[in-house]
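What follows is a pair of complexes built around chain A, which joins chain B in one and chain C in the other.
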Partner chain A sequence: MRILRRFAIGFLLVVSLSSVAPQIFTPSSYDTQHRRQPNEAPGPTFLLGTDDLGRDRFARLLYGARTSLLLAPAAALLATAIAAIAGVVAASITELQRPLFYAVDVIISTPLLFLLLVVRALLPLDTSAIISVSILFALLGLLGWASGVRLFAAATQRLADSDFTIQAQASGCPPSRLILMQFLPGLIPTMFAQFCVFVPGFVMAEANLSMLGLGVSEPLPSLGNLMSDLLNYSAVLEQPWLLAPAILLFGITGSLHLLVPKVD
Partner chain B sequence: MSSSNLILAWILILAAFPAAGQWGGQLRLALRNDPRTFDPLLVDDSAGETIRYLTGGVLVRLNRVTQKLEPELAKIWKISNGGRRLTLDLRENIVFSDGTPFTADDVAFTIRRMMDPSLHSPTGDSFRSSAGSVSVSIPKRNSVVIDFPAPVASLERLLDQVVIQSAKAPQERAVLGPFRIADHRPGQFVELRRNPNYWKKNSNGRRLPYLDSVRLDILGNKDTEMLRFSRGELHIMEGLDADSYDRLRNKQGITALNAGATTDVEMFWFNQAGKAPINAAKRSWFQSRQFRQAVSLAINREDMIRLVYRGYAKQASGPVPSSSVWFNRKLQRTRYNSQQALRLLNSAGFQLRDSRLYDKQGNAVAFSLITNAGNKTRLRLASLIQDDLKKIGIDVNITTLDFPSLLERTGKTLDYDACLLGLVNVDPDPNAQMNVWLSSAVNHQWNPAQKVPATEWEAEIDKLMRVQASAATHQIRKQAFDRVQEIVAQESPFIYLVNRDALGALTPALRNISPASLRPHFYWNIEHLSLNAGEKGTHVAAATVR
Partner chain C sequence: MLILAHNAIKAIGRIAFRVGMRLPMVLFLTSVLVCIAPGFDSDERQIDARLSTESIQSLRQLRAQNRNPLTAFIQFVGGAVQGDLGYSSTFNRPVWELLSERYPATFRAVGVGAFTGWAVAVLLASCVTLFPGFALRGSSTSIAGLLLCVPSALLGFMAIVLQSSVASAMSCVVFSRLFLQMNTLFDKASAQPHVMAAEAMGLTRRALFRWHIAGPSTPQMIVLGASSISIALGAAVPLEVICDSPGLGQLAWKATLGRDLSVLLGVTLIIAALNSVAAATTDIANKVLREQAS
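For the complex of A and B:
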């Protein structure tokens, strides 16, 4: 298991490096159309071949991974923070627990896709692709926190029932100090675990939206819009290199899951 | 002539003289969704249209290959009184699928029901040229006279969509077409069985159709349809994209067919509406003829055809394809020329500085281009437009929207810059496009629902379209529509891109196929189609109509 975790860390480091500085690995741009070389097979010039418009698939994969890997963790951080705060509040203030859990249930049962469609339809049309995708991930973060609240509430409750909390309360420790100094540090492993669960979830959410054509706008690539080629199964059989974005996403989500610490 | 053209020529010759087919068998097709209704007068979706086509008996049928009208339930028809009166002489000794006789009363019943405002029949809307009621009379047995309050353009062509219903039992789904509805499992399939009383006979005097039944599976996904077709579970696939067509061409046991350029056209337009909530600078660009012409010149349509359609499309020069009799042969194809585009923009006060185009006031030229989400072909076209316009310094921001949001913006709020969409022409006749060209029309996309034409050229188009709609001769209609095409080419309210080819695939076991560029492309002569049960599907043919 330890070897696997080390491998996962190594894999994520390589992917992160290639995503942050893709120009180190490829001289091509993600949007240059080599119109005389469409649908090229992998070769020395184009490592993963070219797409219908002659764009370098390898360059698009690296830049696409950058879009997904920079923004999904940011959204996951936002969602984790909101979920942790809501969980702590629910566990600490008993009067708020019921309405908060009710709100969580409402949010969880709301079809997220339709909310995203509505918000996207309301965005100004001249919003650039980068801002548009940033807003998309921000929305995922703002709307995707609810599933973690009960976990944080339970963890906080466990901390609240522990001996050291009872001792702190008996010593006259005020609730605000208790939360800041005792509960929040105690919740860090849970937050990390939840963060690691959120990241692949948001990458997949963006991928699903992009497969529907509602994710990242052209010409900006993302793992999601690159995977839309997989909808044509017979093309995949003839051009297996089309699977590269799916394999990369599988590797990233698998590695992130391996990093999730055990919560006792 | 290439070998593929020879094969198609052979198919067309065989189809022109339909051979006696093998009797029996079930033809299997796919529908994208469940028909919303089986009432032929209320049909407004493509699945419903397919069922209506296969089951309905009509007075006059448009031959999808020759594009000429052919008598069906009406032996003879005559239009008089300046296009207001339609007189029909009906065939005799025809019975519905339930055995009741077909009479003039059924035609009268159908027309009255169709024109009843409370029914809200989409088919009836085409006949409503003005306010007033339609009168139907039966002067003698097997003869019907229909009087309209105002001339109806191409009256007889509209009859192709009017399915005659039984006046005796309208709810019983008694039909006059080759098939009747036998079973429907929502979300699964619709099964049609042979109408035992169908009036058409083959050369040996035996009642058509050759097929026993048609099963239409509801398959919401094109890829699932392809999978089922590859397994041999479907006999015909229409509307193939270029990738799938090329893939199927090389497969054993499948006949891939190209029925030629369709009347559907891909195009984009700029929002010219005066009341649109866009900034003044953008409005002035979009209302500038030179700007629109320059953008048109800067788009490389040949690359679109080669890269997006793999050659299975033709450059569009106007609202009708060059193969149509309505096409104005004097129109010049727009040839890609970015340098000429820049010269044109310079003459209109635009300047290219540091690879960015600026207008007279110093505003950088940029606009958003919206299109519908989920259409990969259209997204590729948008990417090519974006890249082409970057070369003349214009920044294009592509935004995909779900269809209802897109229609809301283009038809109601008018809050958009430019839109890329396709125009589906069911009928190549100019009258079918009245709802696009009249400045008062809601579908006059670049500036819809105008009370008074905003420009002189739009006023002229209005006048010419009305002239052609009420003209007595084809020549006058053609002259008027030719002029419309010239104005449109000059003013470029629509920037036409391509007419895609009708691509499809079918099992070689099918006989008497006659591919047509009009819908339905491959089974419009369904009563003559037959399945050869002994066929193992060993030959491959790739045929093309050019």
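For the complex of A and C:
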């Protein structure tokens, strides 16, 4: 398991570095059109060939990975922060616990994808691709936090019941100081675990939405919208390199799942 | 017999109460999301080049007037109580008609997919616990792990290629999410000191599993069963769209493309109701089981 984890970290590092600076690996940008070379097969110039608009598939793959790898962790960070705050509040202020858990139940009652569809349907018609992708991931962060609240509330409760907290309370330590200096540092392992759970979930949600044409819009690439080429079965048989985005997504989410630490 | 009937009526009453408490809040949350969405005042007619700036402005103002989430919520609930869920601008039909036409396909796929996925996860996790060995554990964990890394939409595509149904793709989605949790559940139960002591004293593996591993884990297994419905519903949109299955997921997708809010609210209502019924039933079944155990 340890070897697999090291491999996962190495793989994620390589993918992250190559997608942070794709210019090093490919001279083309994601929207550069080589109009004389559409649907080109892989070769020394275009490692994964070109699409029907003559855009370099390898460049689009690197830029697409960047979209997913930059924005999914940002959304996961937002969701983790909201879940941690809600969990700490629920455990610390008993009067708020029931209404907070009720709100969590309400949010969980509707699958995330349906809520995303409702808001996605209402984006302004003239939204640019970059703003649209930012809104999509912000929504993932703002709507996806609910599943982590009970975990944080339980972890905070465990800290609140511990001997050192009782001693601190007896010594006159104010609750705000207790939360800031004791509970939050104690919650860091839980936060990391929850963050690691959120990231692959959000990458997959984006992939699902983009494959349906409701996620990241053209010309901006993402792993999801690059995979929509796979829906043409006969093309995949003739051009197996179209599977590259699916393989990369598979590698990224698999590695992220391997990194999730066990929290009791 | 009378006590049994009384308990059953009480349980149904509790489920109805919980669903009744949860649904209005889900609708209100959806109304809030709709009203605060940045493009709420946008209308497809606004990109019509034939319209003047004044006409576009008046269209925008007309939509902006309805931006109060409370008013939108009251209007929708008022209509829903009278059986009127609005009119679909995309399909030119009443929303109620569309929903009643489409829900059987989704409910059937979700029912079959969630149950099959859950049952396979329970069965495989039981086999892994009953017959310890690297081969079975490694292969089943790898299959679940591999499926976990494939987006539902791609699984739907694979279902088409393999000439399989939406329900089978849904069961793969459910299985991948539940198997590892089920395995952890059984592993934790197996690692209990009394279970290890019983094993050391020569209790057979089968008896150990029946009385000390699966038995005490039943409430959690039921909870996972309820979450399988939620997982299957979440996968309904991509799977139904890719597999061209005429269900609620496909309807929601078409409504999103057509910015058809009344249909989206109607679909959300049904999905939330189904999810809430499953969650409330599980909670109550869980409580009854725990009471019986104690």
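The rule is short, and it goes like this: the second predicted complex is superposed on the first by the 254 of 264 C-alpha atoms of A that agree within 3 Å, B and C clash if a C-alpha of one lies under 4 Å from a C-alpha of the other, contacts with A are read in each partner's own complex, and residues count from 1 in each chain.
Assume contacts are C-beta pairs under 8 Å (C-beta built on N, C-alpha and C of every residue); 3 or more make two chains touch, one makes a residue touch a chain.
If you're wondering where the values come from, they're calculated on a predicted model, not measured in any experiment.
Peer 1: Record, for the superposition on chain A, whether partners chain B and chain C clash or fit.
Peer 2: clash
Peer 1: Name the contact category of A:A207: first (chain B only), second (chain C only), both, or neither.
Peer 2: second
Peer 1: Taking the superposition on A as described, I'd like to know which of chain B and chain C A:G186 touches: first, second, both or neither.
Peer 2: Neither partner.
Peer 1: Touching A:Y233, do we find chain B (first), chain C (second), both, or neither?
Peer 2: both
Peer 1: Mind working out whether A:T127 is in touch with chain B, chain C, both or neither, as first, second, both or neither?
Peer 2: Touch status of A:T127: both partners.
Peer 1: State whether chain B or chain C is in contact with more residues of chain A in the superposed arrangement.
Peer 2: Tallying touched residues of chain A, the top partner is C.
Peer 1: Which partner chains sit in contact with A:L117 here, chain B, chain C, both or neither? Use first/second/both/neither.
Peer 2: both
Peer 1: A:S217 in the overlay: touching chain B, chain C, both, or neither? Say first, second, both or neither.
Peer 2: first
Peer 1: Is A:P42 touching anything from chain B or chain C once the two structures are fitted on A? First, second, both or neither.
Peer 2: So A:P42 meets neither chain B nor chain C here.
Peer 1: Name the contact category of A:D52: first (chain B only), second (chain C only), both, or neither.
Peer 2: In the superposition, A:D52 touches chain B alone.
Peer 1: Pick from 201-209, 327-335, 399-407 or 471-479: which stretch of chain B gets in the way of chain C?
Peer 2: 399-407
Peer 1: Following superposition on chain A, which residues of chain A contact chain B and also contact chain C?
Peer 2: In the superposed arrangement, which is not itself an observed complex, chain A uses residues 117, 120-121, 125-127, 212-214, 231, 233 for both chain B and chain C.
Peer 1: Using the touch rule from the top, collect the residues of chain C that touch chain A in their complex.
Peer 2: Touching chain A: residues 22, 25-26, 29-30, 33-34, 37-40, 42, 44, 46-47, 145-146, 148-154, 157, 160-161, 230, 233-234, 237-238, 241-242, 252-253, 255-257, 259-261, 264-265, 267-268, 271-272, 275-276, 279 of chain C.
Peer 1: Across the complex, what residues on chain A touch chain B?
Peer 2: 31, 33, 35, 38, 52-54, 117, 120-121, 125-129, 132, 212-214, 217-219, 228, 231-235, 238
Peer 1: Touching chain C in the complex: which residues of chain A?
Peer 2: Touching chain C from chain A are residues 102-103, 105-115, 117-127, 135, 200, 204, 207-208, 211-214, 224, 227, 230-231, 233, 246, 249-250, 253-254, 257.
Peer 1: Under the definition above, what is the set of chain B residues touching chain A in their complex?
Peer 2: 223, 226-227, 230, 243-244, 247, 303, 306-308, 366-368, 370, 372-376, 379-380, 382-384, 386-387, 397-402, 405, 408, 415-417
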